[in-house]
Structure formats: C-alpha cells, structure tokens
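Every chain is named by a letter (A, B, C, D, E, F, G and H) in the order it is written, and numbering of its residues begins at 1.
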C-alpha cells in the first residue's frame, strides 16, 4: 500500500506519540508522523518570543496560538489520517478543535482515550472511524490499514 | 443587509441562547437562530429511545451522538455565522469540535467565554473573528454586522 | 428549526416512502421529501420512450439510467439528509450507490433495513449516522432532528 | 504519460485483481494498484480483534467496517481511476457504495461485470466511463489510457 | 418535486429556446429557464457600447465576451441542469465551452443536436446524461425529471 | 433573469454606491446590493466599542478589522457579482484584498477606477471581467447582465 | 521555480505539440507535457476495439469518447496549466469543451490560434490568461512563467 | 517535519526575499521558496514582448498582468504558506490581492510590514496568522513552524 501521513493531535503530557511512532517503526510501516509543537513552553511563548512582547495575557496567547496554527493547519490539511488523543488532565479544547477540523475535511479520524472519558467525548467519538484505548491499538490499526494483514491473539 | 442564519453552539446549562435571541429580537434584527438540542436528557437518550436500547454505555452514547450529529452538521453547514459558548463546567469538547468544524468550512466564528478561560481556549480564540465575554456583546456584534451601525456608550 | 429537504432513496416495492411522508405530516414536520421515480416500468423505459428505441438491452438500460440520474443527482445534491432503504429482494445496487454518493458529499445518511441484512450492509451502515429498522423510527428521527424533542415510551 | 494510481474495488472471491495487476505488469505499465483488504476473514474480524470484542453482531460489524473505511476512503480519495468489479454472488453493496463515492468525487470509473448483471447495474454503469466484461479488457483500457496506443486484433 | 433552474446554452439562430420554454409551460412544469444574451448584435457589441470603443477587433471581442461571461457564469453556476444546443452553422465554441464548464461542476448536462453532428460532438455527448434531437424531447425529459411520469406513445 | 446579489467593495469617501444603487433602481433592476460598513468611524472603532478598549493601536485595529470581516466575508461568499471601486486617495488595500478573495472563489468581478490608476491596478484588472470608469457604466453592465438588452447611444 | 505539468489540448492534425515540447526542451525547461491520444484512428476506434463492436455509429462514438475521457479528465485535473490549440479545420468541440472544463477548475488557460479565428473564439479567449498565435510564443510564455526571465528581441 | 513550500508575495524593491531565503538556508530549513517575477521591467513588458505590441497602455498592462497571473496563481495554489510584504512605496495592490486570494483558499498567511502601515493594513493583518516587522522574524517563524523549536533571547 501507499505511504501514509498521520497527524498526531492532542495531549502533550505523556509519551503516547513516541509509543505510536516506535511501534510503527518496529512493524516496518511506511508512515510519516506529523504533530503540533509538543514543547509546552515553546508552544505558549512562541508568539511573544518571536514577534515581541504583549502586556495582556490575551494577546500573548493569541499571538502564540496563531503561530502554532500555521503549523497545525498545514499539517492537518495534508494528513491522510488524523489521530487525536485525550488525556485525563486539562481542557484539551485544541484537541477537540482539531477533530472537528478533520471531520469537516472528511479525513479519517482515530480517537484515543480512556473509557472513563467516553460520555464526555461521545460527539468526537461519533465522528471518528475508530476509538482506541491504547497507543498499541493505534499502531495495530495503522498496521492493518497499511498492510491489510490482521494479527490475531494466540 | 441580508437575513442571517446564526448557529449557537456549546454550553447548555445557562440561558445564554435565550439572552442572545431576545436581545436580537429587541433590536429588530432579521436573524434566524439555530442550535443543537439543548434538553440534556433528550440529547443523551435519543439514540436508545428511538432506535432501541444498548447494553454498554459506549454504544448508547454512540447512537445518541450520531443522531444529534444529523441535526448539528446540517445546521452548521447552513449557518452564515457560528457562535460557540464555553462555560466554566464540564469538558465541552463538542463545543470545541463545532468550532473546528466551522473553521475548516471558513465560516465566521464568534467565541463567547469568561476571561478566566482565555489560556485554555487560545487555539479556538485564534481561529475566531471575535471573542466576547457576554451575550449582550454577541447581540451587539450581530447588530453591527447586520445593520452596520455602531452604538457608542453615552 | 429550519425546513428540511430529505431524499428517500432505495427500495421501490413497498410503501415505506408513503409511511415516512405520512408520519412526518401527522407530526406537522416542515420537511420536503424528494425521491427517485418510483414507477418501476417508467424508470426502466424512460430512455427509449423519450429518446428512441435501442436494439440491445445494454443501451436501453444505459439511456434510461442516465435520464434517471438527471433527477437523482440533482435531488441528492440539494438534500439536507439522505435516507436509503434496503429491502429483502433484488440487488439494489443503485441504493448503495446513492449512499456512497451522499457519503462523499458529507451529507448526513440514515439507513433503513431489516436486521437480517446487517452483515451485508456493514460498510453502508458504517458510513451512516443512524440505522433504523422501521419507517416509524425514521419519522421519529426526523421529528427529533427538526424539533429537538424526544418522545419517550410510556 | 504520468504514473497512475488505480483503486480496485469490489468482489474478493475471484483472482481478478491479480489478473489486472499481472496484465499491467506484463505490458510494462507504470501503475500503482491499491485495493481494500481482500482477506475476507480479516476484513470481518479486524474491529473486534484490534479494539476488543462485542456482544452483538451489529457492533462487531460496525467496528470492523469502520476500520476498513479508514483504508478504503484514503485510497479512493487518492486514486486517479477507480475500477469496481461485481461478481455473481453476494450482495456486494460495498462495491456499489464505492462506485457512488467515486462518482461524487468526479473520479473516472470503470465497471467490470458479466453481461447478465447489466440490468441490475444500470445506474452504476451509467455513472461509469467504461463497462468491461473481463480483466483483460481492463488491462487494455489502462494500457490505452496510459500509453495512448491501440492494439487491434490481428 | 422541487422547482428546477435550467440553463439553455448554445445556438441562437433558431427558436429552440422558445420551443422548450413554451413546451414546459404547456405542461405546467415549475421550471425557471435562464440563458445567455440571445440578441447576436448586442452580444457582439456590448463591450464597446458600454465601456468604450476599441481600435482592434481582438479587444472589441474580448471586452464583449467578458461582459457576457458575467452573465453566463453566474447562471451556469446556479443552474440545476444545463442544456446545450448545437446547430448546423458556425463554430459554436462557446456552446462546447459551457458544456465543459458544466461537466467540471458535475452539473447534469443534456445535449441537443442533429444526428449528423454525432461524430463531431462525441466528447460532449459522452459527458452528458442525455442526447436529444428535438426540443420536444428536451421538454419530455424535463417533464419526466420533474414529475416522474412517463408518457408513452399511443 | 434571476435576481442578483451584488457586493459593492472598496472606496467609502464618495457616493459611488448610491449612484449605482439609484441607477439600478431607476432601471427597475432586481438587484440586492450588499456592502461593507461605510461609516468610517464606526468601521474603525467597532472592535473596542463593542468588545472593550485596547492600549495599542495594533490590537484596536485588529479587533475592529475582524468584526468587519464577519460582515464582509459573509456577504462576499453569498454575492453573485463583486464590484470593487478604487479611488484616488488612501491605500485601499482592503479593496484589493476583496478582489483577490472574489477571484479565488471564481466569482465574476467588476473593477471601477479612473484610467490614471490603470498601471497600478493591472493585476486586479486582469482578474476582472470588466473595468469601468464610472458608476453609470456599472449600472449599464448590471442592466445588460440582468436584462440582456443593450442600450446604444443615439 | 517548481516543475510544471502542462496539458496540451486540441488540434491533432499539425505538429504543434512537438514544436512546443521541443522548444521547451531546447530551453531546458522542467515541464512535463501531457496530452490526449493524438492518433486519430486510435482515438475513434478505441471503444469498439477494446470493449466490442457496436451496430450504430452513435454508440461506437460514445464508447470511444468515454474511454478517451478517462485519460483526458485525469490529465486536465492534474495539470498546472492547460494550453488549447484551435486549427482551421474541423469543429474541434472537444478543444472548447476542455477549455471550459479548465476554466471551471480555475486552472490557468493559454489559447493558441490564428487571428482569423478571433471572433469565433472570443468566449474561450476571454476565459484565458494568454492568447498566442504560434507554438514559439507558447514556449516563450512557459519559459517566462517558469524562469521569470524575459528575452527581448535584439 | 515535512518540507514546506512558501510563496513570497509583494514588494519587489528591497531584498527582503533574499534575506528570508538566506536566513532559512542558514538555519538548514527544508523550504522551497517561490515568488512572482521580481524583475520589474520584465514583469511590465512581458505581455507585449512575447505576444506583440499594443497601442494603448491599458492593453499592454492587461496582457502583461495576465501572463504574470499564470505564474502567480499556479504558485499560490500550490503553496503551504503565503508571506506578503508591504513596503512604504507604491500602491502594491497586487500584494493585497494575493493576500485575499490566499485567505479565500484558507492558506496560512504571514504579513510583513512596518508598524507605520498598521492602520492601512488592518484588514489584511486580520486575515493573517502572523504580522512580522522584519525578514528575520519571518525566518524565525518558519523555523519554529518547521522545527518546532523556539530560540529564546539570551
């Protein structure tokens, strides 16, 4: 099958992206993973650090969020598949925003979250083609999608 | 100016939609407001009530969320402007999802939230054309957009 | 809520369209139902009857199917919601074709079929926002979508 | 001429895909063939095998069909040409669904089926740019499309 | 069925548009017919008459053709169905241009011409959903499309 | 011909919009004219007047320009034809911005300016379907487009 | 500058494509030229030669034109620039059809024809970004577009 | 991260493009920069030099601007990010036109100008994701977008 570009959106406080990427590499999959800036402080400060300081938190955030959007929109628009991870902390509204953006583009969406979040995420799950609970399941999905082979439990 | 269709997305636990609609009516604006189902229980139960019960919460939520999506997608696609309200409770990921959906469609977006949520909502705010703090400001924006007249404080 | 245009695709050998339309009327819903030509013979013969006879069945079918497509494409493109009904007879490939067409347009899709067809229709069901078993359920869905009120069993 | 990407949709119980691919290879055509998962059992079981078991056949099918859709939608969206094969067994609604999806995207469609199915497939044929009866004809079409040379019978 | 907007493109030297419009009216069809400017001299001279004279025929034609395009593009974009008529005189490249424009928009196309032009028009016919020979056939097609009733020869 | 919606963009310091609208009315044309807010001070101050003051001119302008964009984008997206007027004062970059926006949407564009600006506006003119010098010419174009009748100088 | 893909549509009875391609090669331009099948007989007979004979000329032409459309649509959709050549013989409606198709896609269009055809081609010229009279001018345009250097006559 | 294509639009009288390109190269970024023809005279004269002289300045400009549009539209359509620079001289309406074009395509936009132009450019700035004052800031933005690393002042 063709190479895939997979955008990994959402939670930045656990190493789930690394797990997905390493898992895919271990399987020999031909996938390019793209993602937002995952350095939290850089993501918060980029606007004022590059374009000059602001007196109010609102405009500091605004400038930074827009710079990050240059990256995230470009990458979501060019992704074949979007994976969005929700963790148990923080509001993570940017993750849900990315899911809505992908849905409007009709791009296949995989959601990754703990079952405890099922009710709160029901609208996002309903727009997805798969709801996974672990990074290993995401790898397995990507392997199945690219290779067309199903590994069954022994 | 032309009639407007404005979709009111997000928080369903305060009467902000009523405030916006009444304010617009009081101003004599020619606006049709559309919105998701705001009866929380109906929104949760619609899937199993109409299409039959489910044994697991996941599929109950899934069926309901998809039914609600028939309504919300149809209305967002046909809206001229989308207003998304974030309150101080709950995860409200569906609100952020709708904002992302509207952004991908290039539909003008107005976000309504308390300044306390600014940092958490910075990506959503960055995709919007206005960030309001009160329903009265939303009415004033809609009045300005439709009438082109600016009311100044005395 | 806004008026809706709902396209009723698929099976033409039972009166399910009438049931849906009458049910919606009984509920006072503001819905315009559109549909393909449901007179089977007219649908088969229209090409040669209007544009002249053909010697081979292939071109007779081809001419007729294209005339029908003028109607069906125009109506699917302008529908807010597409309902596709699969019965227990015939191949009904045109019904599945319409479902795929609606899915690519990102138009909300409701599928109506007997549970016995679940396995054969799994790809179509997976692309839908609701899978109903009876015309009454379709009416109830449309009522919920347009009114936002949920009727619960007594 | 440019390389082509051709998606081979539909029947998975005969070796028609192999015949098309080998024929194209024998002609030295520069074509990448893509296709759904053709291992029937894997295609049926992938959902529950990767994401966990379900108690009802409906949700088992649903999970699986959605996983398969991640692959099929990605590939149909990126195909230059879609070939859909209908055999003489099974309902094959997914094949007709794919044809409708391709038609809505305005992607050139080639249909491959026995003349006995002409009447039942007339709507699908009417949306296509070629109706072939044998895999060898599909190869010949692809050769003509890519090379621009017509081989005539001796 | 819904009202239809039908754009009548092509030949301006016979009264085929009048025949189609009167025929539709006689049948009581709910169709709005739109069309290019059919006053040949006005169509040729509009550019220089409104915007000032030109010394070379090329720029006179250019200005006029662009003014006409304001009308034709607006109307083709908003048409449900496009009918293109080719007569036996003149090059009529604008008619074929309109047909290509409609085809790229995936708008249903009906072509109207004498069988003597079949070979020269084969690419245009191949992109159409119907090839008629007389205005009466066009009326009959529109009647069938809107009413869904087929009149058979006695 | 169908009613038209015409967006009048650009210069706000002369009464050209009134001239166009009155001229169209005098001709009995069925045209709805839409336009940006033409009260210069309201347009400059709307952001801070409605959403609260800013300490820097940059953010004052930013807030105001975004509010105005809610109106202008909605209206440009729904216009059949866009007319852009350039005067002899100010930078008028918003006028050129609107012209580029309309061009990307493939919406017919009419540009209105003095011949003295021809060289500076050549890229905008090149994207247009008509370049007029007076509001009366714009009225005449709209009359020709809607009525299809050409008035010739006596 | 980036590599370009240029589709060469229209007249097949002179060697203009060869002149353009050789000229571009002589300049060292990085352009891939694509084109329809230019073997007239192959283009006419491909349908019946591959898919089986037809008794009527209409269906023979239809089958062939559709096969050719698989090639031409794929190539026009993927072209950066479309060049359409009109000669002094034949109707060449397919050339005008391709021009309309490209215009609807907003793809830059270059038209190549003798000044004698100016009046008949005014609508096509009006939709183009350049009207050339010789293949050498087309090469010069492509050279300018890709290199950004203008060669001036000595 | 993936390679980026960045279109550099606007002012051609300073060396800002060279500064951006050299800065990106010095950082080792994987970016292809594209741009309009920046040789002012070539850009003005290309139309008449290649396609033949004109008697009036209007048509000379028109022909040239259209040739340039072949290049600019192709490049803007294929850019991931568009940077538009406004200087302190000239009208630069083509720069604002390009910004509007990019905005309608939903392509991320960076604007580069002196703070003195803030008020005049407020609509363009409002449609952008970043407003920079120096070429070095543009380089820093591109570095951040591609690498995801933020360099902080010592």
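Quick note on the criterion: a contact is a pair of C-beta atoms (placed from the backbone, for glycine too) under 8 Å apart; a residue touches a chain by one contact, two chains touch by 3 or more.
Just so we're clear, the structure is a prediction, and the values are computed from it rather than from any experiment.
Touch-path distance (fewest steps) from chain B to chain E is 2. Note that among the pairs E-G, G-H or C-D, G-H reproduces the B-F interface, with over half of its contact pairs the same by residue number. Interface chain E/chain F: under half of the residue numbers present appear on both copies, so the contact uses mostly different residues.
Superposing the C-alpha atoms of chain D onto those of chain G requires a rotation of 90 degrees, given to the nearest 5. Note: centroid distance chain F to chain H, computed from Cα atoms, is 24 Å. Distance between chain B and chain C, defined via averaged C-alpha coordinates, is recorded as 31 Å. Between the Cα centres of chain D and chain E there is a gap of 36 Å. In chain H, the residues touching two or more other chains are 66, 69, 104, 106, 126, 129, 131.
Listing the residues of chain G that touch chain H in their complex gives 1-2, 4, 80-81, 106, 108, 110, 129-133, 137, 140-141, 144-146, 148-153. Interface residues of chain B facing chain C in the complex, by the touch rule stated above, are 5, 32, 34, 36-39, 41-42, 45-46, 49-52, 63, 66-67, 69-71, 73-75, 78. Chain contact summary for the complex, chain C toward chain D: residues 57-58, 61-62, 64-66, 68-69, 72, 86, 90-105, 115, 117-127, 131.
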